[in-house]
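In the two assemblies presented below, chain A is common to both, partnered first by chain B and then by chain C.
After this line comes the complex of A and B, so read on.
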């Protein structure tokens, strides 16, 4: 029962919205488990959905490192996502007009290098600009990247896209063939609709492992970095750039570091997406992705890493939910329009009623060690001293 | 005869078509610049306000019908639909200002982000109603004017109607800004809102008029964009970045800068085919000289011009150096 007490204490230390979010997440989790056990939801599809959610979470984490930490209005998220996807696809795919056939790990490295170069190219002219100009300029440059991907056929195959991207584990010992060698398992929880675990599920599960590793590493690094002296400078720049300059910080250099750093995380999402869908086309660079990710970060809470995680999964819920509503026939509206409407209303509602987002950064910013000695029950605000450890 | 040879190149055609595109960009750009200078933020919903105008005119024209033969290949009914499109675009913008922007307690960045949400809502509603497919006004497409063909200029009477109406509207705005009370107050407020308020100007009313004029002109631009190309839910948003490029080039916040910037960006866009063979088209340029960029990069060139302007002279051409 000790554990139970711990949970109680934890629960009491949460803010209202945190409690609400937790309840919501638990309910969704229960719903998914029930749907899975009753056979209504194929396990492979669930794994795919979770992978997609993790992908958006990665993008959101990357944007959060730029906007949430440093206050950079980056509207070229889609460009970094796209170059990550193109980078690995062009190195690994059969139909690649450039190289092709390399191990996906090579693709990953090349994608990251390309992204860093692109981030510097976009950052050099734009990061000196005032915030609203940065927004417009970065959106324009992202469009330039999209036009290049669309028109330079000799490099990118143009609008036909790059087909035949292998899975991430192609060329690895054991893992490459694992999905097809594992035995097929049938579990019938509800009689008549068994859950079948076979090759597609194992494949999707391996994909999930890839993105989970990307996500875990990024999240861990970001959490460390957010509280580090470096992160403190970034947060100072966000709240008052002149102050940071007055303290002797080269803000341009810090902004550039933050920009490149965030872009690399976005590129990880792109690399994953390329190996997940096995296909990359200029549509990957559609600016709508940028705005999805913005919604995710703002809804989660600008500057909050766990908020970005949450936001990423909410986006997938909106994406798949709009499709589901259409399939069921509840609303005679095409899913793309519905999605656009929901995203638009979400932006307005968040800005109007909760501009700080659902999970704004509070205790995220406190080093666990610094508050260990404080009493365990504090007024709302700083709250439980050790929560930093259990922060999910 | 050398002069006539020069005329026979496609340059005149580019110039004429550049004027048409410029007119549309200018109509959009003025509103964007006005709202920036008076409401204080970069309005990402401005492109979709154009779309609202276009689709309203589409519906209105469908309901009214042609009514008479009209001028320049455009029936009277179309001009009535144009007025309705302008009015509805202005009305939608005013409602948005009162329902959404005004209650917000946020800075210019918050307003910018909110305006993206507004843009999506406009576009989503239009898409739900009309689908994502392209539409056209029910007007017979015109052949290029015969008399201009010997000069290799291919423009239709519709194009002339677009340029003519745009010139009328812009001229009207100029008169309004320079010679009316409202115009003086608007300029005062754009200059210094606080000073305007303590001088006894009712700034709220001026903000309202700014939205009406800006969105109305955007509505007109949208109607013409639909006539020039075709209608689609994305039409306004796709043009928005070009309009931003024009407004920034001219100096954001300056109405006359927006006109100049719109003209330059529209021209750049239409002169793209000339870039690879500059040498053959222009005298005094070495014969083999050219910039090898295809027309598919027309927008990209505009965006890069925009970024360069932001870097070198962020106040734009017409803006004063602060």
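After this line comes the complex of A and C, so read on.
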């Protein structure tokens, strides 16, 4: 049994925004469960949505490892996402013009290797220069990758895209056929609109397992490195690169590590996306993805892993939620077309009233076990002081 | 740098100067830093023009000169932030000309900056922990392959940081956000952090600019204390009372090259120095 007192203490130790965020998340959770139980939301679709949220969370975590940790401005999130997606799709799909039919694990490895190579290639000339050069180069890279995917038909099928990407578990024992062998279950919580659990749901659920593993591993690794001396060097570089150099840190090497590491996490999201939608097209590489991910990171709080996590899910909530607004109340315009406007306004509001984001890092980041007790009251001041700096 | 390598290079230097002391080294002097014919041009502007000077181990060497004399440029050249057009820098007898700054730090030379930027989102003790060299936790792989060593090193460094903060009498600031410090406190923290890197020679760029008199006195005390413990200093400063009080010898820079060098009293009364400061020297 979990002690109720624990919860109460946890609650009291949270900041107001943390409490607000928790309440918000619980409300959304309740809403989704109600929608699910009442049959308004198909379980397979919910699983798909959560998967999509997790995918954006991965992208945000990747960008956060570059921008939030080290201050690297990367505008080619979509490109690394796309390399991940194309990498695995071209290795595994039936319609691949290069080398289809491999096990998705091979696709995963190839995608990650390709991403690492690309990240190093773009990093070598730009990371020694001032921060803005990486920004410009990455902006160009995103477009180059997209145009290659669109035009080099002999490698990528061009605008037709790569079809027939298998699920991630194709070729695995048991798991490959699990969705079709599990029995179909019907649960009627609300009479008249039963919840049906059958093959599509089981398939979506397995996809969810894949992304959950990706996300859990990435998050665990990120949390660990964020609190390490390695992460501390990155944060020093973000504030003052010359200082880090003067203290004997090879900043070029650290920036490269951070850049490649973040890009690999983005590629994981791409690999998952390819196996989720079973199809990859040049549209995957549209710069809008980059834009969404930047908003997610800023919304959650630059430098904060849990903030990036939250930001990713919020973006998907807005993107997908806006499809259904008209089902509830009639608006004079199609809300889907207002999506970008809403996200734009949201980020302006956040930047104006809470520039550090919803969940900025609040604890001292020192290797666990080194200090007996991290002071809680002062921790909070770490970021608050920064706000004071800029506002007053 | 590790202590053993620093010690090794020192021995090497001593050996060499004993062997080759004929002519080049009249006295048996132990040099930490040696700068020869440093030249740097920015387009048509000559910032440093054959600047040559030496810093002997155990001294606090001051560097003064009117605005635009090329002091900061020289610092940047010596510490590797600028690439020299000509000249040579030796730290502990090793030629470090053209090396990247972090490499030069490994050889025992650490510098501070005129206007330190505050480390956002860090507490003072976190900011201090950036100082120590060769931390196992700064390797991404070791975080996962050898977390025990990372933890032990972090504990040692933390204890060391705490000790140095106490010596500087600013341990009460340890858990304060680095952004909440005053300019003077920040300079103290900078100095304390630089000491965690265990430098043989520490270059301070205007350590007391904009610092109130009380803290200036604190800084002077600390610098003298650290000097007694064996750290060599090279300090750029405009605050004449401070630098004349603390440093010996003083190097005077004018128009990119060394005008004169000597004990404070000598420098103070040197006509060329007075001319340079009053603008009559050109």
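Annotations
What we mean here is this: the second predicted complex is superposed on the first by the 351 of 392 C-alpha atoms of A that agree within 3 Å, B and C clash if a C-alpha of one lies under 4 Å from a C-alpha of the other, contacts with A are read in each partner's own complex, and residues count from 1 in each chain.
Assume contacts are C-beta pairs under 8 Å (C-beta built on N, C-alpha and C of every residue); 3 or more make two chains touch, one makes a residue touch a chain.
What you see is a predicted model, and the numbers here were worked out from it, not measured in a lab.
Once chain A of one complex is fitted onto chain A of the other, the partner contacts of A:319 are absent, as it touches neither chain B nor chain C. In the superposition on chain A, contact of A:344 is made with chain B only, not with chain C. When the two complexes are overlaid on their common chain A, residue A:226 makes contact with neither chain B nor chain C.
By the touch criterion defined above, A:239 reaches chain C but does not reach chain B.
Contact with neither chain B nor chain C is seen for A:275 once the two complexes are overlaid on the shared chain. No residue of chain A is contacted both by chain B in one complex and by chain C in the other. Remark: chain C residues 1, 79-81, 100-102, 105-106, 110-113, 116-123, 125-127, 129-131, 133, 135-140, 143-144, 150-151, 153-155, 158, 175-177, 179-180, 193-194, 197 touch chain A in the complex. On the chain A side of its complex with chain C, the touching residues are 221, 224-225, 228-230, 232-233, 235-236, 238-240, 242-251, 257, 261, 303, 360-361, 364-371, 375, 378, 381-383, 385-386, 389. Of all the residues in chain A, the ones that touch chain B in their complex are 73, 125-126, 128-133, 135-137, 139-141, 143-144, 147-148, 150-151, 291, 294, 298, 333-334, 336-338, 340-341, 343-348, 351-352, 355. Taken together, the chain B residues at the contact with chain A in this complex read 41-42, 100, 103-104, 106, 108-110, 112-114, 116-121, 123-125, 127-128, 131-132, 241, 244-245, 248, 294, 296-297, 299-300, 303-304, 306-308, 310-311, 314.
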